[in-house]
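Here it is, the structure, as structure tokens.
Chain nomenclature is as follows: A, B, C and D, assigned in order of appearance, with residue numbering initiated at 1 for each chain independently.
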């Protein structure tokens, strides 16, 4: 067990909570080196997130939504080309923190993550209980106290405590996903990033897990950042929506607005392509393909596929802010 | 196969220096093998290597290679041969139908170290008494033998082992004494020497003589204890090693690959039998069995090759290939092929095997050196092919003759270095191909 | 925990039975090969003739009898012996199974030409006398190879692409050559040229009395052979294990471990090293098996008085019982290696220990 | 009247034998356990269910990839599970009559063959004459809009986009002019924007050639516009069969109701409401629960009946079949 320097006492509920937005991201950029050039996965993303609000990050595959989460949690692969911008968590810019301080204060204590492939996110040779309790053991909590906490979070996500003593291969897909969600909650972080938490699961199991996440959201007043390409499922949790296209944020608006009548043309097309069960509306498809991320076209990146394109679109539009909605499209220049 | 060509054609080669180095090395060995087979045809190489009377007479024993000369300031002595018929012959008719014949065998000696051996060969019909004398550049004459009977045909007079002569030269071995500079007996005298053979023989008789002064260094590869020029074996070791390595690799790896494919696809009993035979083969002491068969039955390289292949078909590689095929067997494109009616054979040979062929290549190349060394190991154990000259054989001879004790390092280092280079050449290619083709590696 | 031990026990039992069966088949094959040219029969018959002949000629009762009479008695007794030992029955299945049973129980009878240092002609005592020196050398070399390769591979997996990493990877091809090959060069340098280490042999002659001196002398003699074995395989092992670590360090649970805030040492030990051990053990098993084979020439090159050198001497002299004896011993040693490493694999990989089926 | 039924299945069973230690029989996985339905020529239908419900095994049995162990299957008037010898010829004929579209487009294409080779393989296997092969290849590429054909023919799968790869899979599926297309989760790997494009492509081909199509998916909402009827499968049985519209708007079987209720539509209200979803997981197919297989998770359970006897098929409304005691 690595000796972690003595941690400040656990954030007692009473300590004064930071009043401003929980999370503020400014000009966040993340570019990778690939064999054929530099991939500009996240390009200048700005947004703010109030405490207790769940945000859904939507977009087609390859639009940079997972890279955005990785950038915030500083989980960077070896071939990094550029990593810049500011990320304010409860007022402090965590981008400036040293690796040691970041690992010690932020990782899992402030922000935790539920990764996409639950199937192999558990170490096959360690018992599940140990892995779930590990973050607490790192904070010098006693073994049985940590396991007691683990039993608690297993209860919250609906996993029988007996599974603490099992190995990963002895659990079904749904059980593994719940165990990882429990692991994300154990150090009661401020924000949990959920990267495609249920895309690999069956409909009923997915609904069960979504119910559990809703309960956690209400009881623990937690911030979720839900990353998914499945727009219908995202509406299960989302209070606000960030819509990404080709590495850029194109719209940030409230859930009611986005799911009913989104502003940005791409968002409109995206919503039109989502099939619905209860509403009798034939889905449409979007012609053309998303641009390559290593030499994206000049001006608005959706212009070539946009049905409302006009001459201003040659130039890249800034993010226009109207009240609690921001949109990156010249149509809303003087609204 | 398209992907394979895509890699090899474009400039990928430059991105992998070790691949380029490996290819060059192996290419050199291929050229060496071609040169060997062309310059010394098979039957000639076998004859030379078997040796026997008269084949290596003119070669010194345990001579170091010529390039030793580069490391010393002084000139190391080399072999000088005055062949039959080269001597100046004068005849003097005598009474009663006899004649006195005198043969002069001149040579010049321009070296700073003594020769290692001295021998004279005579070719006569009938000679009653012959006198052989040694003329040194500074005019001294030393009689070697006087009034000796030379019997018919070809005789050899080992001057350097003549004890009488040794005493005559104050105990110095003849091949040093005869050349020693009177003032400084530690250094040989340079200049023109002459060996004179006088004899009385019948008019109809003939007498010819040949002198060989064996030098300290000889040829590119030096010579061994049977006076054989090592270059023969050093050259011929290349084609034999290549042939054995590549054929064994083809026989073993390729058949293992195909059997693993067939076994995994058909599954059920066949797969279980293959798996079980592999387990038994894993426990089978392969080398001792090879040695036993080599001793009891036959050591020809072809039997050995066949045996090595047979004992390696169900090698551990079967397990690795099987696990790869098991994953592949479930993939969608195989199910699609079944869906449009492809039969078992077609699926195995057109869909399963080609997909993993790129991963077979590095394994195949990596296994060649292990077979080349296996052949060397067998030779070192005295089990090499009885007639073929190979590197392992040289190492075996050198080791049994205690080359290391006698300081004849070249004798062991040269074949070992060539073995090493060939092994490393293939391994270089194998490892870099492994990096290119191994699907899992590319994700790192 | 009880359930796990029971399952582990059952797994061990099953593997043992399986390996034993494999050894039986392997040895049966050896016996068949050994007797293809009637070698084994010839030896048996010569042995019987020797024993019977001695008995008849030294029997005081036959003192005065003419030679022809003695010969008749010898002949008669030999026929009787053949029938008793079942040598007259066909090779398949009778005699071959008899030889197999004798081979399995290490009863090889007497050597033809060789004898043990203690002077006994019994093949079994010749073998068992030389076994410890082989085991000492082999076990030490394998242990050093495993620990060294594991440590360096783990160290390198953190420095992917560094100069050291590229250097070691460039050296990987050196493992194409077997141990004995490097042995020759090592002797050349350290024994012949520098005269620092002994040429070969296990202990200096005459062997020192004190156990401590004996151990020191043994270690001094082991330096070259052990380094030869290690050099012969270390770079390839480092290369393949470092590649395993690289592949396993890109797994999802490793990234999750980093995200959990574990220090890089903790991530490396618990999330990279532990899960990669099973495949490492399997590749190490294959290296051990090829090492056993290299032992014969290595012991010959280093004059190490083990069963490898014994085998070499036996084959050059053509002493059949000893040859078959050594092969059988090798069979058992290989089976033991597979069994031990299989067992270690079961301990390291919970999937085997706990058995699949929790789903 | 020319018989319009393409495929009729009565009480079909497909079991897989479980072996322990390689030869001991350890029970059967009853993947498809008594399924019956009829499919007309040119009709398209969707089979919905969770993983482990047996929907994929049913599809593989219809395609001749899995051997049925019971019941009867008649394809285009030809009875299929005949005696030994007959079996081989039948299966090969059946496989040439069914085109297969798979879930993962890149995985479904051999990576070492170029497009021309991929399309020629089914023709070579089914002994189509050489001259006709080139024509058929170009015709099928035309059909799926991979034009101009010459651009694509020399390419390898890794050089195509996700959508193009799926088009190539469809081209390969129709090149033998089959009578039925079997599509196993054809679009679930694709992005929403491309998904509908592919479904429309299959719909058009179906209309042009009067092909029958069977979609197998867990996501009913995306396929509902492209199939006339929908069958719901649970634990190897077909619990409900009806028109798609009927199933969506008027689900009768408790499992169908729960299944549809679990599928979300994009609506901000979802974040506030909890979906009532039955606890537990689908039952094991080795020894399924007695009686109706859904009874352990069903709210409308009738004691003594649902948990003892297997419900037969009822038709409470015209063309709307359901296997549930509520409609006795």
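Just so we're on the same page, a residue touches a chain if its C-beta (ideal position, glycine included) is under 8 Å from a C-beta of that chain, and two chains touch if they have at least 3 such contacts.
On a predicted model such as this, the values are computed, not experimentally measured, just so you know.
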Winner on C-beta contact pairs when B-C is weighed against A-D: B-C
Chain at the geometric heart of the assembly (C-alpha centres): C
Centroid distance [mean C-alpha coordinates] between chain C and chain B, Å: 31
Inter-chain centre distance, chain C versus chain D - centres from mean C-alpha coordinates, in Å: 56
Rounded Å distance between chain A and chain B, as computed from the means of their C-alpha atoms: 68
Centre-to-centre distance between chain D and chain A (centres being mean Cα positions), rounded to whole Å: 34
Chain A: positions in contact with at least two other chains: 172
Residues of chain D touching at least two other chains: none
Per-residue overlap in chain B, given as positions that touch at least 2 other chains: none
Chain-level touch network, classified as line, ring, star, complete or other: ring
Those chain pairs that satisfy the touch definition: A-C, A-D, B-C, B-D
Chain D residues within the chain A interface of the complex: 50-51, 161, 163, 191-197, 200, 218-222, 224-225, 248, 258-268, 270-271, 274-275, 277-279, 281-282
Chain C-touching residues of chain B, taken from the complex the two chains share: 18, 22, 276, 279-280, 282-289, 291-297, 316, 366, 369-370, 373, 376-377, 380-383, 395, 399, 404-405, 407, 409, 412-413, 416, 419-420, 423-424, 426-428, 430-431, 438, 440-441, 443-444
Touching residues (chain side chain A, partner chain D) in the complex: 54, 60-61, 172, 174, 202-208, 210-211, 214-215, 229, 231-239, 254-256, 258-260, 269-271, 273-279, 282-286, 289
In the complex, chain D residues that touch chain B: 22, 63, 65, 92, 95-96, 98-100, 102-104, 107-114, 121-122, 125-126, 156, 169, 172, 176, 182
Residues of chain A touching chain C in the complex: 1-2, 4, 73, 75, 78, 103-104, 106-109, 112-113, 115, 117, 120-126, 134-135, 138, 166-167, 169-172, 180, 183
